[in-house]
Amino acid sequence: MSITNRFNIEQLGESQFDSPIKLSTTKGDNLFDFVSESDRLVFDLSLAHYNHCLSTGEAPICLQQAGPRQHIYFNSKEVTAAIVTCGGLCPGINNVIRGVVMALHYFYGVKRIIGIPYGYEGLNPEKGHGFVELNPEKVRDIHQFGGTFLGSSRGGQDVGVMVDTLQKNHVDMLFAIGGDGTLKGVNAIGEEISRRNAKISVVGIPKTIDNDIDLIDESFGFETAFDVASPILRDAHNEATGAYNGISIIKLMGRDSGFIAASASLAMPVVNFVLVPEMNFSLEGDNGFLKALEQRLEQKKHAVIVVAEGAGQELFKNRKEIKDASGNIKHEDIGVFLKEKIGDYFKERNTPVTIKYIDPSYIIRCAPANSSDSVYCSVLAYHAVHGAMAGKTKFVASKVNNKYVYVPISEVTKKRKKIDLEGEFWFSVLQSTGQPFFLG
Amino acid sequence: MSITNRFNIEQLGESQFDSPIKLSTTKGDNLFDFVSESDRLVFDLSLAHYNHCLSTGEAPICLQQAGPRQHIYFNSKEVTAAIVTCGGLCPGINNVIRGVVMALHYFYGVKRIIGIPYGYEGLNPEKGHGFVELNPEKVRDIHQFGGTFLGSSRGGQDVGVMVDTLQKNHVDMLFAIGGDGTLKGVNAIGEEISRRNAKISVVGIPKTIDNDIDLIDESFGFETAFDVASPILRDAHNEATGAYNGISIIKLMGRDSGFIAASASLAMPVVNFVLVPEMNFSLEGDNGFLKALEQRLEQKKHAVIVVAEGAGQELFKNRKEIKDASGNIKHEDIGVFLKEKIGDYFKERNTPVTIKYIDPSYIIRCAPANSSDSVYCSVLAYHAVHGAMAGKTKFVASKVNNKYVYVPISEVTKKRKKIDLEGEFWFSVLQSTGQPFFLG
Amino acid sequence: MSITNRFNIEQLGESQFDSPIKLSTTKGDNLFDFVSESDRLVFDLSLAHYNHCLSTGEAPICLQQAGPRQHIYFNSKEVTAAIVTCGGLCPGINNVIRGVVMALHYFYGVKRIIGIPYGYEGLNPEKGHGFVELNPEKVRDIHQFGGTFLGSSRGGQDVGVMVDTLQKNHVDMLFAIGGDGTLKGVNAIGEEISRRNAKISVVGIPKTIDNDIDLIDESFGFETAFDVASPILRDAHNEATGAYNGISIIKLMGRDSGFIAASASLAMPVVNFVLVPEMNFSLEGDNGFLKALEQRLEQKKHAVIVVAEGAGQELFKNRKEIKDASGNIKHEDIGVFLKEKIGDYFKERNTPVTIKYIDPSYIIRCAPANSSDSVYCSVLAYHAVHGAMAGKTKFVASKVNNKYVYVPISEVTKKRKKIDLEGEFWFSVLQSTGQPFFLG
Amino acid sequence: MSITNRFNIEQLGESQFDSPIKLSTTKGDNLFDFVSESDRLVFDLSLAHYNHCLSTGEAPICLQQAGPRQHIYFNSKEVTAAIVTCGGLCPGINNVIRGVVMALHYFYGVKRIIGIPYGYEGLNPEKGHGFVELNPEKVRDIHQFGGTFLGSSRGGQDVGVMVDTLQKNHVDMLFAIGGDGTLKGVNAIGEEISRRNAKISVVGIPKTIDNDIDLIDESFGFETAFDVASPILRDAHNEATGAYNGISIIKLMGRDSGFIAASASLAMPVVNFVLVPEMNFSLEGDNGFLKALEQRLEQKKHAVIVVAEGAGQELFKNRKEIKDASGNIKHEDIGVFLKEKIGDYFKERNTPVTIKYIDPSYIIRCAPANSSDSVYCSVLAYHAVHGAMAGKTKFVASKVNNKYVYVPISEVTKKRKKIDLEGEFWFSVLQSTGQPFFLG
């Protein structure tokens, strides 16, 4: 039966070299088997989808299984690989860098690995950042530290200039660790490479602490993020109970998607309200947040509120724009805004409250990866290298339905993943916090 | 299209009551929809299986989606529920207890919840342990502690006696948190209940720190287990490098399956050898472990070895049995055995080595759940309650292919899950440690 | 030889009861000996002071050794004790509460222990907070949590009203856990009690996360504070190196004294500049902070700055006052101010910098006590109880020169302890950071 | 007035060079003042001792204050320094190494710093270990790791050979980080150097996780040790309560002194019995440990026992010696012994108990230093360097009465520090555990 082409990965060309990894092609010999191009996994595992395919004759949407191929595109010993890390920090970046270097060096015998410093800036010679030579010795211990060993930057650089740099330095494969923007960027690099008919594989490893990359199960660093946030919520709860009508507000990351806020609240069930970008809520009125908070205080004399940074942006719509010295519109901070509004509300009502405001964002961003993320990062890195060696390009290595797969970059950057307010996850969050459904 | 009955869950009877949870049955209203009995998920998501079903006309194997049902079997306000925890400790037990109590109380308004102390012993009146009344206030903070709030015991009790106890106390549903033996036990209880034509739902929540329950993605507590083990490996590495030819041996849990040993080693990549129950290895000879260790020391002057408690049992086969005072055959300790054998080997060769032996089992077993496991435990607990309320029985709540489902207990206890030595996971472990493939 | 009266503790009256604790009065029997009133410890242990006393005939300043007395003032079985916690949170408060309750109950058989909720507010009946009965069962696990089990509040209440409350409730001893203001408050309560010729012992247990109580070695919670701050500095360093010209600014507690900022920086030696309230520094000019920062960036491309909240207040002197909606002068935030000034400085010079601002105050304040503080809190609590039972009043239990002693409250509240810029501690900090001496 | 010579430090010769550190000699200029040889601190601060000196005319025993001297013995720019770490691991060794290197390099401009690998073995050329060149770059991050960067070994080497090595390599100062044996060793090296009339300063930095070095307040790493042990006790308590008549036995370090066992138990007050080497206790009889344990179980159904490794050695006296294969007498393990005896005791009485045995020694030994120890290690290292530069020799840098001082090695190695069973510390431990006094 045929399958759809939707998730097919582009190849640089024929794989003509034997993999230097000594694996097997037969079952039952206790040796891992090379993964074949025909190893595919169904994307939608609902029985409904199955029945739909059956009745319509449509092919199911399938994903390519990640892993080492028996025949590879590159002559691995002559490969030059490059690694770049872009955007904000996220736990696990160093684990991925380490994993890529280890896989290139030990599995494929790659002799030249270039670290691009400070994100895409490092691919622009004008910035003068130079390169960092990478090898196992250099990256051996970096997984124990948060941050990125290579440095990062935000924003893009001219695609032509970046491809020039890759070509001048005879780079055969570029591993870009970054979020939505970075992935779009590396895809654009890949397209420019195709246009030039060059043979450089570009690979994305999705990094977004917000967990908002579409289609994939989870992005690395996300579990660590709410693992680090979770004791902070516990402590914030202690702050709240430590005062009469104590209110703790914790702002967590989440520009477009509230996964960290919601998961941390589910993990540390002391939270009474979680506010995420996906939901609309009003402050005022009988169904508003402030009224619900007031009722909570009357009952329990304390409250813990977790708010994602991107929540409640619609509340600012009718607000007068505040400009900074340069005339720029100041970004609205929902945490500070909530703090003020709550303060005003109870002041008007002569209800004494004590508000503590906690913004642990950077503490979370630069934490080292926990064990689960460490495992994930290593395996992602290995799969990214296997894919690049096989001559695949413009793909991400990731996990879907708990299986490692390759997905075209263009597919995961179509839109951002968001919490489904009708989904099971959000329902669990509501069950755990006990917050009124009408807030959503 | 029909589906196979393989994973069907037994029902106590018709669901005639409306769920007290205010949910929706329509998409698009931002309210979670009740889960229907026809919501099923394909178990094997390989394209090969899919094509097999299509070509043969066989129905795909499907799992019931977990979640709240619109119509439920029990009149929830009159329900008496009981919770029991059995077997060895594992991070997250208290989170599950807490989650079950909260779900029963807040979602379904259950007024009577009984904690059975000290495992199945607590269902045997002769033991005189009594019961513990459970309510939200009592379990509010227990998720912050390891261990089990209810106490546990190993081994079973007479099934008839236990069912007598349940009936005498008008228990409508029993939640049993435990491993393979516990699940078989609760299934036997369920069968005796059927025989008596009683209407008591029995539910299992799989608890095995070894992660060796078949079919399911992961058991709760497992991630915490290797998260706690992982810094111990880091420190053991420091012990190893702290002496000339320093060797650290860390014994980790894993009677039949080496998941903890392997995952911890992957998470903290300072490990040079991982020995698991799934692999056969010889100590002596050119392809033996000791030779490989010797070569490692010659090169690097230190080595870190992780061994699962059930590894290398075949090495004891020709050993003279040692009996204890009572005449019982003493259980062989592979960790101590390895330590001795390594010591002897290098003594014979006049190679000075310093061996440090670390057994952190209890430290890991009684750690509190990390955030990822906390989330998992809460949601498992919620689903267990939803399933019981719907009148399902002899099932476990769990996660398969990253989705929450119900599975018959009889299916997950057929055999233990083991590391597939030909699978991707073990391949990643070998890649990470760099240990010789021939050891396997 | 006579001693000065400077550190004498006031007594409620003669100690006429035998201590219920079974201790010894003879050396060599392996039983702790009761502490006698004549057990004193020299306060200034420099040889210079010794010689001064010798040559002038002056008596050395001495402190009363803390500990159980053989004869006590109260009939312990009939005692009513009260505990109150005031001011901001600090790690260890719950350990002290627990220790006081355990000591009262188990050592002295006290039957009635009252918890005063929400600080001094709880002694004002108008607030309607009521009391909490305390016993070992209730406080058994509270040491594992941060915050205060009793709740706290800031500011004082009418002294007469508070003493009325104590008398009406037949309180014999009041333990007040709090900082400078709280201690002054409880001293005032003690003076009002004397004026009324009542026999109520008032005891202070100094709590100040800033470690700014005079004379004493360290206040409880302080070590935990910089223990919790320290990995945050490590992570902030990772943030700084993660960007080209990355600058991390961490604001730590320290209104009048910079002990936390300085100690954390010494503990995690990745900090390049520590700014504390004790030092004067200018931003501009060749010897200014901004110039020094610029030079640091030129050399190393990143910088970590720790600033105590009370540092640099003189920088605001010539600034136009900003008023809030109610016309109140807004408190100046040195952290935010520095962030702005640094941003402006490098903007003017067209030097790209990336600034990360971290304020972990509440995360630190509500952390549970580390082990060293746990020990300290328990022993402090025990000594506070022994002192109160002996009929001492208006004293604090604390540690001076590494020995447990009692000190009159009036002595420790004369002025705040500050970092001695000419002292060894600050010199170590300067040595560790390598920051220019002229900044001071 | 004269002072006793007891704690005088030997000097290599006159200090003829000006210190390169820019400090002050006048008070009030906000610059740390050089420490002078006449800055002394009284050792015994009891009023009794003070009065004794005054009345007898005896000089008080005084200690030299640690710190930088204005005039130093060595021409610092031409100095070769060496560092060696000996004996078992202890948290903080790397912090001390780092501190010594930083102080030598940045404060004194020392250009050549030699790391001696694997303890005193590294000073024996026959072992062939070579040297490690040390500089700030190399040691920058080592404080974040446990263990010792230089490696260690136990036992001594020929003193003559070691001094030969120092002289051949033109070493001017040797910093030895180690315990009782190491300090005696480096003192012997110092004496051989004196005999040869060589001018090499030997400095000890006391390292003993057991905290058993005499006279000094605390050895580095000790606080971390019980900080790491403490949550293990909490978890062990959860193990104990997790079973009916659950008993957890935790063996902690402490060959001759039970400070870790006692401090950890005080820090985590879930412990019911602490057994230390300083106390004698019998197992059997009405006042024996087993009877007390039985009573505890009857009351509470669980017990937590902490035993120091050196406790109860007298219990083995009448036991038949067990010899190993080589004919050596096997060392008795009190933890395992207790476990067996307890098991037997309750078996005889048909009382079901569940015993969990935990030995976390290596986990504790190789933990990284906590913040308090990090500060302590840095400052100790700085003072060690200042002392060596001033030409002092055969001394340790340490803290006494909460002040940094230099003490002759010969004074701190006279005997081991032990818990005073009549002292306040042990009394606090007894108060916290509630264990019967007669056990002691």
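Per-chain residue numbering starts at 1, and chain names A, B, C and D are given in the order in which the chains are listed.
In the analysis below, a contact is a pair of C-beta atoms (placed from the backbone, for glycine too) under 8 Å apart; a residue touches a chain by one contact, two chains touch by 3 or more.
Keep in mind that what you see is a predicted model, and the values were worked out from it rather than measured.
Counting only chains that touch, the fewest steps needed to get from chain B to chain D is 1. Farthest chain from chain B (centres taken as the mean of C-alpha atoms): C.
In whole angstrom, the spacing between the mean C-alpha positions of chain C and chain D is 28. Our note on geometry: chain A versus chain C, Cα centroid distance of 42 Å, whole angstroms. We define each chain's centre as the mean of its Cα atoms; on that basis chain B and chain C are separated by 46 Å. Residues of chain C in contact with at least two other chains: 144-145, 234.
Residues of chain A that touch chain B in their complex: 1, 3, 22-24, 27-33, 38-42, 45-47, 50-51, 53-55, 60, 62, 67, 98, 102-103, 106-107, 143-144, 217, 223, 226-227, 229-230, 234, 263-264, 266-269, 370-372, 374-375, 378-379, 382, 401-404, 421-424, 426-428, 430-432, 434, 437, 440.
Those residues of chain D lying in contact with chain B across their complex are 89, 117-118, 121, 127, 129, 145-148, 151-153, 232, 234-239, 241-244, 246, 248, 356-360, 362-363, 365-367.
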